Amino acid sequence: MSNVPAVEPMPPGVVSLEDHAAHAHARLDDNAWSYFSGGAADEITMRANRTAWDAITLSTRVLRNLVGGHTRVNFLGTTLAHPILLAPVAFQRMAHPDGEIATAFAAAMQGAGMVLSTQATTPLEDVARIVLNEPGRGPLWFQLYLQHDRGFTRELVRRAEEAGYEALVVTVDAPSSGARDRERRAGFQLPPGIAAVNLAGLPPAQAIELHPYQSRMFDALLTTAPTWADIEWLQGITRLPVLLKGIMHEDDARLAVDAGAGGIIVSNHGGRTLDTMPATAVVLPRIRDAVGAGVPVLVDGGIRRGTDVLKAIALGADAVLVGRPYLFGLANAGAMGVSHVIRLLRDELEIAMALCGCATLADANSDVLFK
Amino acid sequence: MSNVPAVEPMPPGVVSLEDHAAHAHARLDDNAWSYFSGGAADEITMRANRTAWDAITLSTRVLRNLVGGHTRVNFLGTTLAHPILLAPVAFQRMAHPDGEIATAFAAAMQGAGMVLSTQATTPLEDVARIVLNEPGRGPLWFQLYLQHDRGFTRELVRRAEEAGYEALVVTVDAPSSGARDRERRAGFQLPPGIAAVNLAGLPPAQAIELHPYQSRMFDALLTTAPTWADIEWLQGITRLPVLLKGIMHEDDARLAVDAGAGGIIVSNHGGRTLDTMPATAVVLPRIRDAVGAGVPVLVDGGIRRGTDVLKAIALGADAVLVGRPYLFGLANAGAMGVSHVIRLLRDELEIAMALCGCATLADANSDVLFK
Amino acid sequence: MSNVPAVEPMPPGVVSLEDHAAHAHARLDDNAWSYFSGGAADEITMRANRTAWDAITLSTRVLRNLVGGHTRVNFLGTTLAHPILLAPVAFQRMAHPDGEIATAFAAAMQGAGMVLSTQATTPLEDVARIVLNEPGRGPLWFQLYLQHDRGFTRELVRRAEEAGYEALVVTVDAPSSGARDRERRAGFQLPPGIAAVNLAGLPPAQAIELHPYQSRMFDALLTTAPTWADIEWLQGITRLPVLLKGIMHEDDARLAVDAGAGGIIVSNHGGRTLDTMPATAVVLPRIRDAVGAGVPVLVDGGIRRGTDVLKAIALGADAVLVGRPYLFGLANAGAMGVSHVIRLLRDELEIAMALCGCATLADANSDVLFK
Amino acid sequence: MSNVPAVEPMPPGVVSLEDHAAHAHARLDDNAWSYFSGGAADEITMRANRTAWDAITLSTRVLRNLVGGHTRVNFLGTTLAHPILLAPVAFQRMAHPDGEIATAFAAAMQGAGMVLSTQATTPLEDVARIVLNEPGRGPLWFQLYLQHDRGFTRELVRRAEEAGYEALVVTVDAPSSGARDRERRAGFQLPPGIAAVNLAGLPPAQAIELHPYQSRMFDALLTTAPTWADIEWLQGITRLPVLLKGIMHEDDARLAVDAGAGGIIVSNHGGRTLDTMPATAVVLPRIRDAVGAGVPVLVDGGIRRGTDVLKAIALGADAVLVGRPYLFGLANAGAMGVSHVIRLLRDELEIAMALCGCATLADANSDVLFK
């Protein structure tokens, strides 16, 4: 198999990211659908992410001269063609045989940043080669779950550096996996042949013998969960900037800055960890206020429209990440589907900017939010 | 074919504007329905227009002597029998073979103002003749999209003046067409024989060659979008008052007044351009506050009931425009259907005035709004 | 036919007022159902009446000694067994052959006040006889639409006085009938044999010739609508207290008191006149504030539960009226159905009082409302 | 029959408490389902209990060291393994042949407190034996309806003390049973062989002859309802702490403390007594504020998720009770089902604590509530 993904036709009538979701629902089996689409518990937070963006209204402006405007944004010392990145999503070959290869190809072609999941089903080096070959590409980052084995983690970081990844994104909001009821109801399991190949060789965690009435959570699982000390350790073994993904509290944002984080990703893990967390659109401006203007702040969760991107920028984000939508694009039409998803968002963002009278994203301050 | 539209029976059970919509949905094909009924993206703004009027409550008053009251309103130097105008809607022959002729006939018979769309499917002169022949008619205005070709635009204005149009309505909120997903999902296209006949002879826009990574929006499309300078230019070539349609920000309203606009139409294009804009009922009082009492202010968007008209007046509008409803009336029963829609609104407005204790629309100040 | 209504079994599973509505929906034909159940326009106010009561929460109290408590209330110089009256509803023989006779019988047996509609389908004298014969009966009032013919109106008042009616309820909120779309959609008309028998002999209104562009509403219909002067006139020709039904504004409440009204009924006509009026539960406390403690204030609109009755009292009402629910009881089981409806409300009211720690309705002040 | 309940398999796809409800709905007949699932009147309060917890959002914290944390809580002089108790529910053999025996077995095995209903279908001594035999058990309490016969009540209390119950829970919010429409619509009655066996031998209440127009509620039913004086009397005849269940007002909470109550249970009886009472989640913090830090406060009503438990603690509760969910677990799989319900709640609580950065429940103060 070549590394260039197949060209597939776009399904007719798919003109928005939600159309991609509906179409993918029909294509994926229940097992894969439950994994990619599900959230924690009653999925209140997952829905809240969406409704929060929808509830924000935009102020349009008319008759301004916007010729020569653009969507470029400066970020971590580089210039992005636009502020849309692909969030880390695990097990992408479960959605499409081309998996992360197709995603990487589409991201690079569309100038979108790519964040590869630790639990990717493709060797991280193969993904990097795809992205780095494309001149118009966006940034290439590696998402890291700190593993219980420090030696293995260190080796993983070394591989990512060597392969050309430009930042590490440490997911800090999932010391335990959430109660993902939809997955559990479907009896989700990884299909044969799908595996987190970059974790091959990870030694199994040491079994902990619990006394009666000890807690599996507090006395076993959490003994290997990362802490602020691990973030320090990580920064000591890498030259890459470290972004923390999953910050939802002002105090944690300040702690992240104090710990030297290269950036903050406001995220509730797409509503997949703890249900009834607030929507990211609600938390985002508080985080920006807490850390001030200099620190890179990104956001994900429920971004489905170009208007959502504009709102995120206006609320203080430098850029946004989308997760499920590109996964559904992948399921629908491989690389072409991912590409289509990014393109739709970009086009919608440009329309939103034009109608709100913003020539650049620097113009997209809080004045575009109708109050 | 004569210019007098056929008399058609009203469908039974159609007693409100929403009934007209439901009935038209069954009569129109998907292509036409998607065009006339659809809004931008998720149609949040389109629905918000409706729910905003519904959410405003009215204070009724009892036992007042209202004999001799009326619905007349003074506006741009003329007296209207009532404050209801027909908003510009394109391609009306797609709804009914009589198209704009039927609409003009009904408007004139019912004393409603008529605003002809640039994209009408009937020569503007034919429409004017219908209207100007009717003694009880309302005002006759021409809606203008400023075209990329100034010569052509100048000629269009000259034709409108010569034909007897009394004002120009420049739509300023659509430098690009919105992401109208419903249309795109339906694969909307103009049926054979339906065309914007008044734009015949418009030279094609000059093709712009884009460098890679230039933006189709900012570097091509917006290069011909109108700006405040074009409004000035337009006023220099016409003796007609120029109203600006699509103002949703106080600052733009003030700029419009400074630019000598003859009036302002608060409009979000019926929710067809940018989704998640605020409802016009919410923006209207701010615009009135911004420009003060002397400037004509109209509003459209979601007006479906006589109570909505009364609320609009109470919030500061001089008059209102309705769009989709008369189009659906047209689809249902040609001129009779349009006439019925206007009549329903007028009757409901009179009931609302009577029950709120308003003998005239001057009585319909903010006291009729329950707070 | 005897004047004693037949005993009919209660339908099984009907244990609440809303159950009566659902059951009646299945029994009544579309014509009658549209008349009795419908409201104005989109029925927003009709629904708001209900949701407003539901949205008010009650504070319960425990372990109080409530032995010997009761639901009695003093009102217009008499003591009612409980604060529930039957609102005037027209054309009751359309719901059940026994019509107003059955209603009167049930009201009297249950100690509920009875307000007979001007548009009753039974001679007012027959109804009075039924009620006055019952020792445990509630008050007997006559609802009056002031007719265009003063002589006829005077004679109607004389008949009511003579028959033993104890107050006049003048409906002031319907100078024109509202746009009752549900009725119009159903093509409602009175069935053969159903007529407003007490208006027999009313001379037809004088035809008014309208000039073109005159208004049917302002120049014809409203010329005979009652004004404050007519209320004065009415009080001059009767010894009965005059209550005004349909007051929804504090200023009108004050005007009513100044005009010597014997009481005020806060009502939006069950949402049947002007849509998007506020719910009566919202207006009631303002009216009580406006008129102070001495003036009798009643309320109707959406009362369906004993908790609603308690809330109304706590918001300042002396008593409540119910309309549609007893009409549905009538349709379901004649006098037994009406009786059942009243009994359900009384029982629920007693439960609500007991659980809120109220031995009497005087205890039901604003403290029972959870804030 | 042995007293050890049978081991039954858990139904597949049941991964949450609401899944248990849905599954039980399919297993129970209408009669039992109406009793266990129904609430008062329109069930507004029953639903509000749920939506109130859902509407509270949680603030997550990251990268804290939580090793060695636990869910233990000190309460009435003992240490609970976790803050989850089983609320008193009547007639459990109607859900499963093992009835209260299965419930007691599961509660004891899972370390959950057990509150046996006065209306249990199993002798209270049998239940106590099950619980007291299990070393890891939670507290064992007896719920008491004060009966009209004081001698019988005294004997019931003596039996409970002798059997080893450690507290009495007096339900004070149900002097009359509510209008439980769902039950009445289903024509609910106790099936043959199901009885409140611990009330066997209770002499019937003395019949009260009512004069016409006396009230069944105030002049009969309420004459035997408990008052504050009865609480005093009860404390005089028992050495057990007395908790009052059904307090929803700050003043009643203060009266309870003044009366020497050993604790307060904030409860609206699961929405089964008076509809439109506020949700317990709304009332809870007011009660805690009213009584201060020292008094044990528990809450029930709509607790369905571990996040709800954490929120209850953060709002001031020491522990929570669940009712319907374990009953549905019982219906689904006997003791295994009850056990599963408790286990799900505990696991979810631990996840919630971990993600909110709480090592212990003492950390779960109001800071975990997103404001």
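First chain written, first letter: the chains are A, B, C and D, and each begins at residue 1.
As a convention for this text, a contact is a pair of C-beta atoms (placed from the backbone, for glycine too) under 8 Å apart; a residue touches a chain by one contact, two chains touch by 3 or more.
This is a predicted model, so every value here is computed, not measured.
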item: Chains in simultaneous contact with chain A and chain B; value: none
item: Turning angle required so that chain A lies on chain C, C-alpha fit (0 to 180°, nearest 5); value: 180
item: Homomeric contact chain A-chain D: same or different residue positions, threshold half; value: different
item: Separation of mean Cα positions, chain C and chain A [Å, integer]; value: 60
item: Centroid spacing, where centroids are CA-atom means, of chain B and chain C in whole angstrom; value: 43
item: Touching two or more other chains - residue numbers and ranges from chain A; value: none
item: Chain pairs in mutual contact under the definition given at the outset; value: A-B, A-D, B-C, C-D
item: Partner chain B, residues of chain A touching it in the complex; value: 12-13, 15-16, 18-19, 54, 56-71, 81, 111, 136, 305-307, 347-348, 350-356, 359, 370
item: Parts of chain D lying in touch with chain C, wherever the complex brings them together; value: 41-42, 44, 172-173, 175-176, 178-179, 181, 184-185, 187, 212-213, 215-219, 221-223, 225-231, 244, 246-249, 251-252, 255, 268, 273-278
